[in-house]
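Across the two complexes that follow, chain A remains constant while its partner is chain B and subsequently chain C.
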Partner chain A sequence: MSDSGQVSADREFQEGMEEETASPHEVPSLPMGQWLRKNLFSNWANGILTLLGALAALVALRGVLNFVFSENRQWDAVRTNLRALMTLSYPESQYIRVWVALGFIVGLAGLSAGIWANWGGVSVKRISTWLMGTGAFLAVCVIAREPSVIIGTDGKVVRTVEGSPQRESFMDAMVDRSSWWIAAVLLLAVGAGLWSRFSGPVRRRVEVPVTSVVCVGLGLAVLSLWIAPYGHYAFISATKSYVAESGRTVAFSTKLPWTVMWILLCGFFLVGRSFQRSRYLGLIKGSSNLLWLISPLTLFWVVLRDPALDYGHVISTDLPMGLAFGLLGGALLWGLTRTGIGEAGRITATLLLGFAVFNWVAAFFGWYPMLQKARISFLLLALAALLAPNFIGELAKRRQLVLGWIGVTALVHYLATMINTPSTVELQSTEFLGGLGLTLFVALIVVLLSFPLGVLLALGRTSKFPIFRMLSTSYIEVIRGVPLISVLIFFSVMVPLFLPDGMELAELAAVLTGYTLFSAAYLAENVRGGLQSITKGQYEAADAIGLTSAQRTGFIVLPQALTVSIPQLVGQVISTFKETSLLAIIGLFDFLRVANSVIPAQSEFMGVKREGILLVAMIYFFFNFTISKYSQRLERRVGLGER
Partner chain B sequence: MWRLLATLFAIALAASACGGSDSSDDSSASSSSSDAEETEVTLAASGESLLDTIKSRGTVNCGVSGSAVAFSELQADGSMAGFDADYCRVVAAAILGDANKVNFVSLTAAERFTAVQTGDVDLLMRNTTWTQSRDSEVGMDFGPTTYYDGQQLMGRESDGFSGSSQVSDVGGSVICTSAGTTTEKNIADAASEAGVSIELQTFEDFDTVVNNFISGACDIITTDGSGLVGRKAKQQPDGENWVIFPATPISKEPLGPTYGQNDSAFSDAVNWAVYATIIADEKGVNSSNVDSMLTGGDTETIRLLGGEGELQSGMGLPADAFYQVIKQVGNYDEIYSRSLNPVGLSREGSANAAWTAGGLVYAPPAR
Partner chain C sequence: MSIDDATTAANDRLADRDDMIVCVGVDKFYGDFQALKGVTATIKEGEVAVVCGPSGSGKSTWIRCINRLEVHQAGDIVVDGIELTNDLRNIEKIRSEVGMVFQQFNLFPHLTVLDNITLAPIWVRKKPRAEAEAMARALLDRVGIPEQAEKFPGQLSGGQQQRVAIARSLAMEPRVMLFDEPTSALDPEMIKEVLDVMKELARSGITMMVVTHEMGFAREVADRIMFMEGGEIVEVGTPEHFFTNPTEDRTKLFLSQIL
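And now, the complex of A and B:
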């Protein structure tokens, strides 16, 4: 069973971790003056560069601050349109579904963080420097921003004779920004306090877990929703009017769900951590992985779409069919894994594959009707039958295959039924998903689906069999030779024309398919890079201990190859996430399009574009920076770049 | 084992993601839906109307711009609002009796006619100008004009422009507009006709054009008058005065419903739904007094609203079709003022005033 391999690998891994934490690379820290002299002012040229760099950074910072806080900015446009930016046309009355879906993902993330990783700690000294740095940065920001313009009693900007707006004096501006000063000073004071207590030779080793820092940080952010007057901004659908009340906290329907999200994240983290010593850790890890695979599709098609199930049809058709495939297919697989089945097994599997492929051809030409689900199931059954020789022998292995088959059948039939059932959610427009929701959904699904496909393609391209090699190579080269936009346009415009009569591909499904195929080709090349770094000795050693080629690939080659390609894989994930903005070109409303063309077209906020785009850029940055940071941590943990 | 399961599962997902969006779940549904599609095609060829398709479908697929201020704009909750959007609702109220049974499809200028030809949308309410070539070559039919627009120019008063300026006054100016539209050609033609040389600059979209105007990179911007009025109302900085000229636009842009050609039953339904809003405005029938007018109006009003002598049933519409239009969406004036007054476009004195008030908005009689 592969679990044993998994566990031992994990154990090794944890031991590696402990070793690393036990002997950290000790870098003696210098006093402030010496550090400055060594790093920033080591000679006069460096000194000038440092000063020039600092000046440039200051000028840029001042520009950004003046832009963001300018009296010309209409942030109301973004604030009242937050819903459009997040989900576009999803009805407000059904928002509980969005929160349930998000809550599930957040809880699962917490659980996985708890059971999977040894997150390590961060020294209090480091935290204190962060706090002081933030405080100092805040203070610089407060000073750097130009004084605000004076707003007259009529609510208009007071202007000088030449027509340029009048600004308050520097001192008045500083007084106006006293709350920011207080925050900056508080941060500095707390940081300095911690620093003085924890910078001693012994105490500088004192660490707190990274996860608690994250939990507390997020908790403070959520707490601020209840206290800080961010203002209440909304669009009331019933009256088609905008609400903009500054000076109060955000709406109850915003702060309560986020509080629940925080509780879920941290609560499930604790639950996950309590599982770390559990006997069933392997099982729990497996289940959480499976949940990650299933949940995006389930959450989208079942929770968000709320399908209107026709129970008569379910009982008369869907359920019997699922059962038939599960049980009869299971029986077939049981038979195929009998000891001594020999060539008969392979022949059966090949025949089955031929039949399954023929079904699709027949469907294309419309020779005979068949349930779509049946076609998919036959194809899967054929693939499982092809895999069956790996499970011949022990009872436990055979049982695994059969149970696995039944599980997969149940899932596929469940999802297919749900996907085919019309939604009950009433929408104002054709866009079921829009805004950030669409961006995240597409990115998540594309990454999830293209990963296995990419690995298969990479294996195919490095395979000994010329036919696999040729097919994979030509696929990869063709897809890589074509820009993403043309792939997307092809799938949204051209593919529907090639489909047989009566078959429709929803815009979103077309895009997901095209994007997945595209992304898989790039992923395959990244993985191939990793595969090539595996030395011949590894293959020979695997052969020497008698592993089959599947076992060699699964247990020896791929784990090492994937580890090596982490940086490129993460790069691919980030670019997939960012390139979802191309969806706008084929008519989907991703959140960049909402900011770029929906908000500026509202009569209330005509032409207000930069604010939205700035926010979108910040959100993109937040996600990508988080992914990037996590990958750096992952690389450090697996010791990449240190060999 | 988990790895195997995961792989199997991933394949399954890929398969169901492709297959799942197949709208037909089982063989019977599959064959029936392909039947339906075939029937639709053959019926359309033999003259069966889109009107029946819409009735059996239960929604009107209406192509709009989705980013045209005050005409069709996506609100913060994803709903469509504006003058064009309301006329989509008028059509839905007339055919289906429910103004909310509209499926709005946002289309770019480039894809709008294809969308009609492929049947993705039933009609366009997408500020599409009625032109000879579109009516003939492109294969579109045009309904009654709902909004009379025309290209104008906007400059600053401080640069010496006024409402009575002419194209001949703009010599030497930098004129900006959005790229790839007929406005570009119109202004070039008008300038050469007036014998002045201009420097024409184009930008990707009109927001960028306006920003360049505000920053001073452009002396004059030009597009349809409706767009300029809106920009002036919302984006003119205080201390500046923007003026729109010439009083007679340099182009004619009649905007109205657009649909595939040669479908008389459907086009009659759309046209008369639009006429009904105009006649109602003429007769003083609006969404709040329509119930009393149903019995208390003159004979034409009563006919129009589905009373004695009504003609809607003969068109394949419910007898109370136009009553529903007025009740749920309103008459022409209500629709106009709801969306266009807030951006500073007033009917009075413009081509969009009623014919009795010197404008061009006119409907044939309902009898």
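And now, the complex of A and C:
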């Protein structure tokens, strides 16, 4: 066989591949009737099961609808308390902080979505089926719901002689619900219109980008705030009450910020997408990851702390000290990495370490005062000096060490200054932030922080160094052997002891620490599962082309391991999000607790619980369903790279 | 030309070359089991050495010791003047000079063909991306699959994957290429395309050490054939010598089974 034979073999193979990949799309779409017959009524047993199932679903639906629309429901409790459900009593004068925090996350999410993903499209035909499905569902709901009770002129329910409430006739009910009918018919009509235009053989594949659909959907939701003044009432901080005041609905007070959020999301998405063709894509991706990593700190800062800096002190002490450590330390390290340094380097480093340790001892016995910042800096400088021998030689390496040192010094001094300064955010007890705001805040921070920690633990547990293996394994096993509640309680008692003065967020800081440490252990196990699925051949191939072990981990092992463990990782994210409801136990007012105990304690809505809890459940479901859908898309997208 | 003449001729051709791989008394143990028993051999610069022998004879073990995928316990291995010790810097240096092609290809499934090839040049050799990509495309052209650059390994046939693996190794511009049964996992119709690439490589003058059962390939391009059994090198010779007049009984037995 000559070269031409080989080429034709290749071509045959490719054609085979194309057919294979194309085939899933080619499921011949049967006409409705045939589809029904094939899938649901293929024989009479199947048909009976189908009918029974449909009947059961209908009964359940009717139950839910009757519950929601019952004359006994007090939806005002929820409408009035929307603000409380979102942030509880976060001071209104400081509310801008919440929006800034949200804006930061929303913008970052948009940016990442733009940079990272090719989101693909959804066919117009698919959208038309959604629309028709929603319309049909709405129609079924309208019919399935019991006719309403009749309210008499005295405002009370009219009752029959036996005492059961009297209901209007079916026809009257249908007429009463005409606006629902209009909505249902509209959806059906638009859906059917799109269907008939886009189900032909030529236009079947017409697609619109998923991102456009999401953008338009969110845009419509925001627009509705400007049109319908729902929410009815808002929290009025002046009177510290949740009760009505006309013209101050939730929609009214949040429509502008939400519009800004929408613009941020879409705007940053476009910005991110414009980077996709950029030469600096790698750099930009790296920076967006870094932003995510530091975002917990940012959120914490924006929402909770606003240090009242004393600029006299900053200029006279903090700044000079930072500069001195950065520059003098840098110069020292530069000297320590000279080629001919030899033993002198090691001696200097050892002396420095001795001095740094002595400082702590001295502080412990109170021999001489030295700022804690300085003690930390000396210790870090000693460690850097010990590392210096690894950077001896080329100019680039030496520069790396010195620049790294200056960066670390800047960060440490900045943080130390900020943490040691009392905050100006005036908090009214520990329940300053609550509701969905607190739940999302905690969930986001815990997920973001426990992710890198979990990956490190997993790498430690599979490391070839016994000490790392032992430490990670015992950490993971200890944490996994302890219930979350006990971890939270332990930290809410312990962490306040270590916080510097002026930091008033004991409870929350405790929760974030404890929950992050807890979640990281579970995450580590999920990632370890992924790590174990990487074959020995991958390690060997990476070694054979000369990658260092850090490069091997970062480029070859982790990307594949994380891809494999996406389903477990998403499960972990979802359960982290849901289990934030345990925060209630250590005294924080999370989303569920607001519905479960804050609203029912208000004098206007004494004991009204079910409405709030139903809403909370629906919102939890909405978030988790979105996450899970997103992860399915992610899995499909990265599935291309699988074997 | 007699067989002895041929052997001498081959040796003469290589005689004035520098040593590329020198193994002296290499021992390798897996627990109590000794997989290599004092392996001693020298491979010259530009030589194509084929290693063959029955299953379990230690061929893979030996070739993997040469770029330190396995650690030998006794004896010396020197590659291009660098001795393999526990010094990480030496190992790094050797690995960037020695390419290896595996039986199971071991491509990185989450990276495109192009990224598979450019990864090491960019991160180990610190080449600019554009330059690395240009070289990768040239290499893909050389192994005959220029049109597959943007695909993922999972979308390629076995033969194509192995050619990508060869290109990936070549991208580091190695002075030595090691092949461990590069065609054993391939369907018969794809073996040829890989062997063709390897023959072209052999002609280009790179030092090659090939573990294979493809005796046709050995006969055509090998400078020397080494026969291993039980962790030892039993016989070494030119292909003419090896196929027509082997001295050892074990070699004869092996050849009678495989040919």
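Assume the second predicted complex is superposed on the first by the 468 of 643 C-alpha atoms of A that agree within 3 Å, B and C clash if a C-alpha of one lies under 4 Å from a C-alpha of the other, contacts with A are read in each partner's own complex, and residues count from 1 in each chain.
In this text, a residue touches a chain if its C-beta (ideal position, glycine included) is under 8 Å from a C-beta of that chain, and two chains touch if they have at least 3 such contacts.
Here the structure is a predicted model, which means the values were calculated and not measured.
Chemist: For A:A385, select first, second, both or neither according to whether it touches chain B, chain C, the two together, or no partner.
Modeler: neither
Chemist: Touching A:T548 in the superposition: chain B (first), chain C (second), both, neither?
Modeler: After superposition on chain A, A:T548 lies in contact with chain C alone.
Chemist: Going by the contact rule set out at the top, does A:Q560 touch chain B (first), chain C (second), both, or neither?
Modeler: The second partner, chain C, only.
Chemist: Between chain B (first) and chain C (second), which, if any, makes contact with A:G537: first, second, both or neither?
Modeler: second
Chemist: For A:N420, is the partner it touches chain B (first), chain C (second), both, or none of the two (neither)?
Modeler: Touch partner of A:N420: chain B, not chain C.
Chemist: Of the two partners chain B and chain C, which one touches more residues belonging to chain A?
Modeler: Of the two chains, more chain A residues are contacted by B.
Chemist: Give one of first, second, both or neither to describe whether A:A113 is in contact with chain B, with chain C, with both, or with none.
Modeler: So A:A113 meets neither chain B nor chain C here.
Chemist: Intersection of chain A residues contacting chain B with those contacting chain C?
Modeler: 1, 6
Chemist: Taking the complex as given, what residues does chain B use to touch chain A?
Modeler: Of all residues in chain B, those touching chain A are 1-28, 30-31, 33-34, 37-38, 66-70, 73-82, 103-108, 111, 205, 207, 210-211, 230-231, 234-235, 238-239, 339, 342-343.
Chemist: Sort out for me which residues of chain C touch chain A in the complex.
Modeler: 67-69, 92, 95-96, 98-100, 102, 104, 106-111, 119-120, 123-124, 144-145, 152-155, 157, 160, 165, 168-169, 172, 189-190, 192-193, 196
Chemist: For the complex, give me every residue of chain A touching chain B.
Modeler: The contact residues of chain A facing chain B are 1-3, 6, 80-84, 87-92, 156-157, 159, 163, 234-235, 237, 240, 242, 286, 289-290, 293-294, 297, 313, 317, 366, 369-373, 375-376, 379-380, 383-384, 387, 400, 404, 407-408, 411-412, 415-417, 419-421, 427-431, 434, 445, 448-449, 451-453, 501-506, 508-510, 512-513, 516, 554, 587, 589, 594, 597-598, 600-603, 606-607, 609.
Chemist: Considering the complex alone, what residue numbers of chain A touch chain C?
Modeler: Touching chain C: residues 1, 6, 9-10, 13, 17, 535, 537-538, 540-548, 551, 555-556, 559-560, 563, 638, 640-643 of chain A.
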